[in-house]
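Each chain carries a letter (A, B, C and D) given by its place in the written order, and its residues are counted from 1.
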Amino acid sequence: MRFVEKIVRSRQFSGFILLVVLINSIALGLQTSPAVIEATGDLFFIVDKVCLYIFVLEAILKISVFRLGYFSRGWNWFDFIIVFCSLIADFEVLSSFRVLRIIRVFRALKFISGIRHLQIIVTAIGHSLPSIGWTSLLMSLIYYIFSVMGTMLFAEAFPQWFGSIPKTMYTLFQVMTLDGWSMDMARPIMEQFPFAWLYFVPFVVISAFIVLNIVVGIVVNSISEVSMELSAMKRPEGDRDRKVAEEIDKMRKILDNLERSLKGNR
Amino acid sequence: MRFVEKIVRSRQFSGFILLVVLINSIALGLQTSPAVIEATGDLFFIVDKVCLYIFVLEAILKISVFRLGYFSRGWNWFDFIIVFCSLIADFEVLSSFRVLRIIRVFRALKFISGIRHLQIIVTAIGHSLPSIGWTSLLMSLIYYIFSVMGTMLFAEAFPQWFGSIPKTMYTLFQVMTLDGWSMDMARPIMEQFPFAWLYFVPFVVISAFIVLNIVVGIVVNSISEVSMELSAMKRPEGDRDRKVAEEIDKMRKILDNLERSLKGNR
Amino acid sequence: MRFVEKIVRSRQFSGFILLVVLINSIALGLQTSPAVIEATGDLFFIVDKVCLYIFVLEAILKISVFRLGYFSRGWNWFDFIIVFCSLIADFEVLSSFRVLRIIRVFRALKFISGIRHLQIIVTAIGHSLPSIGWTSLLMSLIYYIFSVMGTMLFAEAFPQWFGSIPKTMYTLFQVMTLDGWSMDMARPIMEQFPFAWLYFVPFVVISAFIVLNIVVGIVVNSISEVSMELSAMKRPEGDRDRKVAEEIDKMRKILDNLERSLKGNR
Amino acid sequence: MRFVEKIVRSRQFSGFILLVVLINSIALGLQTSPAVIEATGDLFFIVDKVCLYIFVLEAILKISVFRLGYFSRGWNWFDFIIVFCSLIADFEVLSSFRVLRIIRVFRALKFISGIRHLQIIVTAIGHSLPSIGWTSLLMSLIYYIFSVMGTMLFAEAFPQWFGSIPKTMYTLFQVMTLDGWSMDMARPIMEQFPFAWLYFVPFVVISAFIVLNIVVGIVVNSISEVSMELSAMKRPEGDRDRKVAEEIDKMRKILDNLERSLKGNR
């Protein structure tokens, strides 16, 4: 068991896993080309299977070494779920559904858990999410109100865009990205409902404003974090200040003693 | 009356109101589906009515408890206006206008006055508005000048876009969002007026610049607010500095005394 | 003359001028409507003329009072040029050119020189321009290189977009704003030149990067200005520090004296 | 040799080279116009050749003066590669390929190495790249995963957009710029695959988020650099603080001496 632990903890092991992830990712890409598939036959499907079983083995080895400690690290969960879903999606019965084969692609995400720097970035992005949580709730509320309004107003005349709440929500997402919102959507609608701009223009302005708010929140957060680190780096100065204060305190005591002794002298 | 006040001030009461807002919002969403309406009959209309009367009751209870103090809080005004408008829009005579039914949707905005964090965000956005006030005035001025110019130049040839000042203003808003401004608008116009780009390109550049200015204003505002809070947190250090200064002052006095006494000694 | 100076310097005078600007602006807007023109006849043209002569009178009065000092203020130049151009454009001979009538619209810009806050914003925007000057030069260079390349490559096949350097420059401006750059332009071109994406994608990325650089420059500039003002506000603390240093200096001298005198004592 | 060095190092020499770059750039632009070519005959091709040989001469002179030191400066490499490629592309045999003639246009890039301020900006942009390196890697990973998925899902039904991995990558770049992503692409696809929005909306959100992250990284980087410079400018204060601390240290010693001597006195 000692020996297995040594292997699992070694840099060579994680390097090897990264290499397998890389091979698997390239294989997945090549499989999309009919020409490649024809030329190589079953090769890539075998590569795919082998890579999957290596990942399963990795998980088993790690669990056997770290036991329950394995599940105390978030990134292990991340790996475990990816491999577990791949495994399930790989069963013959299920793989008749074409969409399920796509789950294999997510194995490339193991790059994130395998490269320290990517872990850091994803964690940082994850940490910035709560700060925008309430703004997102506000966003959802505005979204919902406009969705209900849009469906009420335009469902009959323009069912392809506003036929139901989910359809309207998708349409509003498109409007938020400003893609063809006016030329291809608002203008045709305004020919029938001349006041439709009262629906579109406020939505564009409000959603732009809330998105701006989210962006500002993230920028300010990052800056204040950096400036806190900077001021923490300045602490040495603070140390010197404290020392000066202590020094002065001692001097004060000496002077007091001096004064008293001189008074006694007199 | 004491009893009513206790109820109104309780967390259970505001929780219950939030629940009613939630139910009402979901009901409003479901009403947009013809299938749901057919299956449930009048159910949702009754739910709607009941929710409205609960909100009316909430307002009456709060006013009876806080009296004029009710109107000294902005968010109470917010609630009051929403409920009042809903009530008016609900009268039989008026509800024949389909558009007025939409006012009911705004009841979902009561989420904002009901959840503390949303109140804070909306207030913060509101506070950032005055700082962009004058920039908005400049924006409006530029807008107006380009609207008059656009209408003068293109009203005859392209009435669908530049037929009147309001039409041109809407068109300029579209140009500002960059949706199809060149491919679907400026290029067809330039076939007739080859120098039309002298109108569109400056507008795109100037409006982008002013929008950028507004964004920068909001970012800088937020950052300076945060940095003020940070420097306020550092005040303890300032306290120590003041203490050191006082200490030194006292030492100075002792030394002066010492000097004088020693001189007298001599 | 004293009397005239008093008038020119009075708040009522600038208020009156602002009012005339407002009336003139509204008149210009209303003139775009054929219905209004028909109903009012020559009214608005007379209003227009009167407003112009009031502006001319304003300039004459100010020059007669401040003489050459008038031209030492930038905003007076601004006013002077607007009025002067309006005057020239108003001569019968010239006004047969429809485009020249548009110059009248620029009179609404007198709002900027008339309202203090707008002056400040425009001045601030003007001050931020030099900081982006060299980045703009770089931008122009990239623009020029891509224009020459685009014209060389696509002039024959797509003359409507890349027929000449100016046409290509306009097209590149459109690509920079991302309006229909791929769906309506790059894709049709790629059907003939499959490697056209090597032209479009780098241009989109590079121009986005330079624009980002300009934006960052403006943001950082604004923030460092604000933080400088903030640190200037903190000067009082610096004052206290200097005072403490002086105090300590004096104490040092007293102590030196004490030591010497005590040594003499011994 | 001394004489040549003097010339190469003179401001007149670099000014002359800049002038040649300018002339060459204008000549390249004019060559795109068939009318100009017809009117001037071979003139511009001669200008082009002469400019190229001047650049070659410049490189030879500089290398003969600075020898290997020439290649220790990045910007010399930049110049050298541009001229070298131009030279190769100019050989008769090769210039039958029209695309290779485009390489001449890159000579205008010599402006960057010739103007100090442009050098600084490009260097600054270059320095900001490493800080976004890992985020770009994450971006590429997400890109790759979505490319493979997109090709797997839509290759058969929409080969013009998702026919192969490179085609899908180009399409995803277009989606990232939000150009016609919904109106012209996602909506037609959703008619066949109603759940295609599960592919497009997450990609738009994730790519927007990562781009935002890159932008925030650059902004924060620039700000922290500026604030470091600012705090470096404040160092004088730090100097004074150190002086005060030393002063106090000396006073302490004097006082200690005094105390001891007074005790001895008693």
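Basically, a residue touches a chain if its C-beta (ideal position, glycine included) is under 8 Å from a C-beta of that chain, and two chains touch if they have at least 3 such contacts.
Being a predicted model, the structure only gives us computed values, none of them experimental.
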Task: Lowest number of touching-chain links that must be crossed from chain A to chain C - done: 2
- [ ] Count how many hops through touching chains it takes, at the least, to reach chain D starting from chain B.
- [x] 2
Task: Chain copies touching (chain A, chain D) - same or different residues, decided at half shared - done: different
Task: Relative orientation of copies chain C and chain D, as a Cα rotation angle in degrees, nearest 5 - done: 90
Task: chain A and chain B, separation of their C-alpha mean positions in angstrom - done: 28
TODO: Mark out which residues of chain D touch at least two other chains, giving numbers and ranges.
DONE: 178-180, 184, 219, 223, 227, 241, 244, 248, 251, 255, 258, 262
Open item on the list: Could you list, by residue number, the parts of chain B that touch chain A in their complex?
Closed with: 25, 28-29, 32-33, 98-99, 101-102, 105-106, 108-109, 111-112, 115, 117-118, 120-122, 125, 170, 173-174, 177-180, 184-185, 215, 218-219, 222-223, 226-227, 230, 234, 237, 240-241, 243-244, 247-248, 250-251, 254-255, 257-258, 261-262, 265
Task: Interface residues, chain B side, partner chain C - complex - done: 134-135, 137-138, 141, 144-145, 147-149, 151-153, 155, 164-165, 178-184, 186, 197, 201, 204, 209, 212-213, 216-217, 219-220, 223-224, 227-228, 231, 238, 241-242, 244-245, 248-249, 251-252, 255-256, 258-259, 262-263, 266
